[in-house]
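Note that the chains are named A, B and C in the order they appear, and that numbering of residues resets to 1 at the start of each chain.
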């Protein structure tokens, strides 16, 4: 539940959105809530049919829902084609207000030849390198480090404790969460007589507009050319992106996923949590990869893809499954034997 | 091996603990050691039967062990029901002394309306936001950031470089390791015409008493309500906790595990490393999940659970296993054919 | 593509390396590039036979390649036994120049009894504890924290925002990327009546010479003895190393891998991404573990090892595979039945 000191009418909350209001557009909304816990004054939402059963009993004053669900609704309703999206827009009214005072905190250390727009806000104890460019309305949280020659586009936000190496270009309206590291050296070593020698990582990182990068996610710089994250890409927490990976527009990737070097992920892909994507492969546009999938080869057509065996079972059953799996060769041999015996038997019978 | 400048008698080390001393309670102990490497003056422990064979030859002056193992022991012994726990208590005497000078380092930056107890210790280059509350005996390492409106309970310790967002409430005697990020935005986006729109994450995080959070672990804030980590929960390094997850009391989770949004984990659960737990599922109390398990549905009864296929083998054998697995349909068809052939044969024979 | 303001002749670039130049050793090289995108003036490399087809059409001025590939090459060539290694050495000429001014930034906070060589460089907002030793030519990026009693060997480089706990000894020429955490408490708890009690982690961490540690990787301190990373080990990003792990010389480990407590990894091993290695096991020298492998027991001989089932397929096929897998017991029973029926049939026939 999130309640603000301000209140809004339904028509204020939905101005400019493609919705139909059923009920009173002037009813007052003071907060947002999930459907089971909503109180009078709250607006809630119905985006998952599992929660439809709670609609009759909700205490909410209003609800965002689809036309189909509106039929069974007896409170004020914001009816729309995409309740999830409309909720996203309405929830913005109730977000925690961020108090960003423009200006550079007195403790910030800045190198030479850097250009920082006067509307930018840079938090305490940040360190900005040489020849860094920071555009207007950028907000940089406390404790960030930005390396030489990097640039941050208009209205981009870095939360606290983000580390940007040098040679990193970040677009507009992008958001990077705490602990993310962008532009660290790619993992490249050449073996000579048993000893690994570092291959200098000469590339940078290009990050587009409207990108979201999660907490403690790491993105390596390119080996020769740049690592590229295109516009609208959304990355969750604790994701590893290897050198020279290219992720194309509007792809979304859940947490704990690893993408090895030089992989190319298409546009509008959805990649589930803890997926592991091998290096040098290509994934087409509009591909969905389910969670935990190991992608060991290129995927050339859109569709839904998975790997391995899933399904949690008791450890006892798991041990049996495991044993059966490791006896597959035995089963195969027994089937072969049955086939030949049966053939013999038939031949004898037909004599 | 850990040796301190101080020495203690066995009776000093075990004061207040439920143990029986066999041998001399006044013998002097100068350090702790594993059983194979112990030297005279050291106390060691026997908590794993694999190491029983080293008992006869150990150079240790004393050993912590169970009654059963005490029978074969010929050095000074601390006999008890739970040697692991008794070791934990005794080892505290030999821990690296932390020198925390109470007070706020001169380089700390503090916002407005924050209340910091005069016994708290705040390290160099920390940034404390507005309306933050820091209770007595709190220790905050250097380089931490604490967001607006967050609170840190009595005797809680943050190691260096921890990032706490706003809306985070942390209980008493909790310990958070370096690089952990608490309260980052949950991963919520609504798709409208192929473009992902951020859903404002309005909730906070509640962390109980006596919680342990590992290095570089990330815990997202809730979408509407809070993400909740209850009392006594222990989280290892590099764990990802999604928005609105609830982890109940005294559950312990090993490293590299990911827990997707809105999952609820019961009390006293044990979750192995690199487990991946799907969103919106429930796990009952007293459930053990083995390492590497993908939990794709709710678990309603206590017990031990696993998924997939395990067992490392040579890559050659692995390739065979893989091929057999992908021929399972072929095997099934061959069995069907055998069954029908055999049936025919029997019928003919019985004619 | 990486172009520098400087230019070098082929003979300058290869001085001291075991190569043969075919063509003009005095031709001028201004940058490095991948073979498809190289421009006149660039040197490129051929280390992967997949790219052999681009050799004829490349615009590069020179190429690093093996003797075999040199036969089909008609540009200036650096011919050698190990083109990967020779490229690593040549690329160093074109690396982003790091401008490290020796000296301690005025914002650095330093404890008591620490010794810092006058040639070391320590970036803004670093915090150095008590009794820390920093050798000559060490470079420490901004925002790092180094705990009490730790030591950093000659010419070692810490990028920005690295956190080193106390009791950590780091060798020479080692490189640690941003966000890495070294020496956090191991994950050790003893359960007493349902409550987890912390076991003090008394050990430290020893890191050898020429080690590379990736961004946001975590290495715990030992429980009693130290965690040990030997000379020449290379660790990628987001790796978790548990307490008392020992990784021996020249082993290389890809990202997202987890190694549980007390595991010992031999020399010259190669471990693929997202491998999960159980605690207390031993892996021999010269072992290769493929990506995504769960290592659940010791590996005593060199070789290539894997686990599980791999191969990404459509979700439809995956669901079938999964169903077949979970029907393995059924298949086994049907085979048993076939075997006994067939036996009966044979016996009858032989009557």
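The working rule: contacts are C-beta pairs under 8 Å (C-beta built on N, C-alpha and C of every residue); 3 or more make two chains touch, one makes a residue touch a chain.
All of these numbers come straight from a predicted model, not from anything done at the bench.
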Turn needed to bring subunit A onto subunit C - CA fit, degrees, nearest 5: 120
Classification of the subunit B:subunit C interface as same or different, half of numbers criterion: different
Centre distance in Å when subunit B and subunit C are each reduced to the mean of their C-alpha atoms: 25
Shared interface positions of subunit B, touching two or more other chains: 107, 125, 143, 161, 179, 216, 238, 256, 308-311, 321, 325, 328, 331, 335, 338, 342, 345, 349
Contact set on subunit C toward subunit A in their complex: 1-2, 32-34, 37, 82, 84-85, 87-89, 91-92, 94-96, 99, 105, 107, 123-125, 141-143, 159-161, 175, 177-179, 212, 214-216, 232, 234, 236-238, 250, 252, 254-256, 268, 273-274, 291-292, 308-316, 318-319, 321-322, 325-326, 328-329, 331-332, 335, 338-339, 342, 345-346, 349
Residue ranges of subunit B touching subunit A (in the complex, touch as defined): 107, 109, 125, 127, 130, 143, 145, 147-148, 161, 163, 165-167, 179, 181, 184-185, 187-192, 194-200, 202-203, 216, 218, 220, 224-225, 238, 240, 242, 256, 258, 260, 276, 278, 288-290, 293-297, 299, 303-311, 320-321, 324-325, 327-328, 331, 334-335, 338, 341-342, 345, 348-349
